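For reference, the structure I am asking about is given below.
Think of it as A, B and C in the order they're written, each chain with its own count starting at 1.
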Amino acid sequence: MSNDNSYKPYRICSRCIMDTSDPNIRFDVHGLCDYCNNYDTTIDPNWQTDERGAAKLSALADTIREAGKGKDFDCIIGLSGGLDSSYAAFVAKEKMGLRPLLFHVDAGWNTDQAVGNIEKLVDGLGLDLYTDVVNWEAVKRMQVAFLRAGIPDQDLVQDAAFFSGLYRFARQYKIKHIITGSNFSTECCREPEEWGGYLGIDKRLFGDIWARCGDGRPNDEFPLVDILVYKIWYQKVLGMTVHHPLNLVPYVKKDAEDELGRLYGWQRFQHKHHESRFTRFYEDYWLPRKFGFHKRRAHFSSLIMTGQLTREAALERIAKPEMDEHFLTQEFEYVAHKLDLTVDDLQHIFAAPNKTFRDYKNKRDLIGFGANAMRKLGLEKRFFR
Amino acid sequence: MIRIVDYGVGNIQAFLNMFKRLGIEAARARTADELNDATRLILPGVGAFDTAMALLNQSGMRPRLEELVQGRQMPVIGICVGMQMLADGSDEGEQPGLGWVPGRVKAFATHPQSQDLPMPHMGWNDLKIRPGHELFADFEPEPRFYFLHSYYFDAANKADVAATAEYGLSFDCIVSRGHIHGVQCHPEKSHHFGAQLLKNFALN
Amino acid sequence: MLRPRIIPCLLVHKGGLVKTQGFKAPKYVGDPINAVKIFNEKESDELMVLDIDATVNKVEPNYALIAKLAAECRMPLCYGGGVTTAEQASRIIDLGVEKVSVSAAALADPSLLTRMAEAIGRQSVVAVLDIRKKTGLFSGKGYELCTHNAKTAHKLDPIAFAQQLQAVGAGEIVLNSIDRDGEMNGYDLELARQMRAALKVPLTVLGGAGSLDDMQALITACGVVGAAAGSLFVFKGPYRAVLISYPAQAQKDSMCRTALAAHRSR
């Protein structure tokens, strides 16, 4: 869908808080947005966390345990230090009786709290940790190129590092079962693609952005597993499967935070994705102020749909940034300096015209086609996230 | 504007970083003119007493500082050797001090209780503070700060002493005489403990 | 009372953080700025950052990097690597760094320490001694001093040399055990004890710490001392997964209290 420059009156959903800052949003006669309708018709009926979920969880646990007999570990969990992956690790070990390897990708933006939470989980759950430290120079150069590219999809760089690291490791050690913290409870309202939620890691997009906005030298150290390679080769040929156990158990954000806090001293974050300093800055400053997109709308809307937050409370919170102005100013400087830019450099990049992924070579249609085809054939219910 | 007196010694940048973190305006002053907009003063200092005093005297700022502090009662805080400079003089050298807080700077090495301890006094140590003093507002129960020195301030009037610390002997580590304060330790390098002290100096 | 200092020691190689074993095989550990920021947030007592390339490559210290690191530290920072003149030391201090360390340069010319002490004050002058057990067939027993990432050995008794450096201006001595580097099997307690007894200035011991228990053993043996570690604060678990850690204040205090009590009652 192309950029439509005609004026659209502001409209907000009557149940959640998704609004016309998502240019593709649609409302029905009741004023409900398509995210809410999608939840009511597609997600909710198929989401069971009672004894049906428990049965599925148990069956899944058996499968994974069986497959992992005789190995040092039977599955791998990507751990960021944030709530979802932390709770998934807890469920895998304590509820499913599995022997997961905890896998952390350090892309250079860890907050002290994230690192502390990982440590507490490793110690508290008695599990082993493996860290993939991405070459910071490579990440830095790619991130600067993406910023210069002017697109909203700034988290793709960290995502690429994370998923490429995880899947490469799984392939190398022939691990078939991967557990992630993806869940309906806090993510049933997906972040719109227009807001920088690009579908997956697209080597063509990365390549073109690097060619046009990079520093001119090769960036071979940057880890990149193309999503189609992943989907076709890793999943279909090597038989890797990704599981989302948080959809099979009752998962209430506040309760989960309390439980992890009680058991392991785990510390809750102010908001989703705050375990990465860059993502926190990106979602609380860059995206809202440069593009007018507030990912928190989607996050809060998920919580509204699942009964964890009232619409009033959500509206109140979205009215101001998570972090105060002084903090954001300092983070702006920190991010600039860490990327080897001056504050002025980053200001210029911030003020430059906004672009989208469509301004660069990409295979979005192919990915979309592939995902749609797979969904139609019942081969896959979710995108790789 | 908090002006940090930059006369040639002292970790000015660390103070600037700290105040920036706290969101409090601060800048260095290298000349008497740059002190014009000062509302509070920080006097840093490291190294030898005589060197520090000589540099301060040569900096061209001393007369203005005397006028601001003694004349206009502008709040000032001396840090480390900056605190020692507030004294009448130091056993470390020959130069007279500013004399703004009566007292003498002495050597740990010549005191029977501390002479056998490693020198300098280096590391984190606990403060025994006089409760209720404005410099210690919102302090945690067991404040600790980073120290790095071989000489200590011995105040002539113990009423001027706001905090002591122990290194072999109990020595005066924070003095406070009205608007003139001196701190032997390094609040700019003492994490949240130091941040609170500097914040209190800046705002109270 | 004065507390023992627990000090993370970070090595910088080609702009990135690395960890070595026996001073060899640097393994990439990540971005220095983020690491320093995390140690600052964890309220480390002090931090040591050593550039292991500068001396070997005969280049100036990386002032831009030092400035960025200093900006993240609300605790004392000691920088070392490639410092050969008092002017460089002054420049580094001006960037917001507390202490400057020298190793090879002090061996080549101990009077450098005197000049540095005059420029920045003795309390900011640190001498790092890289030491290993003698390896030559005919060297006999004992320890030898090394420089240039343990590629060059010198015929000097480390303890006597440390005393000499103390005399000419060192305000702190760091004892760095090459043999123990990265092994996480404990400090060389005997050498530490001897060094502590021989010196008047503060001592910091580096090389071998694998757990807080090792630090406790060091403090029990030596009293108030600096316990420095690289691997311990940067790796986790059997796979040596990179994860920055630092003991919480309560844990640190409790360990030090126990160790100092044991030291006093020896």
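Here, a residue touches a chain if its C-beta (ideal position, glycine included) is under 8 Å from a C-beta of that chain, and two chains touch if they have at least 3 such contacts.
Because the structure is a prediction, the values reported are computed rather than measured.
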| item | value |
| --- | --- |
| Pair exhibiting more inter-chain C-beta contacts, A-C or B-C | B-C |
| Chain closest to the middle [Cα centroid of all protein chains] | C |
| Geometric centre distance via CA averages, subunit B-subunit A, whole Å | 49 |
| Separation of subunit A from subunit C, taking each centre as the mean of its C-alpha atoms, in whole Å | 40 |
| For subunit B paired with subunit C, centre-to-centre distance based on mean C-alpha positions, whole Å | 28 |
| For subunit C, residues that touch 2 or more chains besides their own | 71 |
| Sequence positions of subunit B contacting 2 or more other chains | 21 |
| Sites on subunit A at which at least two other chains make contact | none |
| Complex contact set, residues of subunit C against subunit A | 15-16, 28-31, 33-34, 37-38, 41-42, 68, 71, 236-239, 241-245 |
| Contacting residues of subunit B [partner subunit C, same complex] | 9, 11-14, 17-18, 21, 46-48, 118-126, 144, 146-150, 166-167, 186, 188-192, 194-195 |
| In the complex, subunit C residues that touch subunit B | 1-5, 40, 43, 45-46, 70-71, 73-76, 93-96, 98, 120-124, 171-172, 199-203, 224, 226 |
| Residues of subunit A touching subunit C in the complex | 104, 106, 108-112, 115-116, 118-119, 122, 128-131, 133, 135-137, 140, 277, 334, 337-338 |
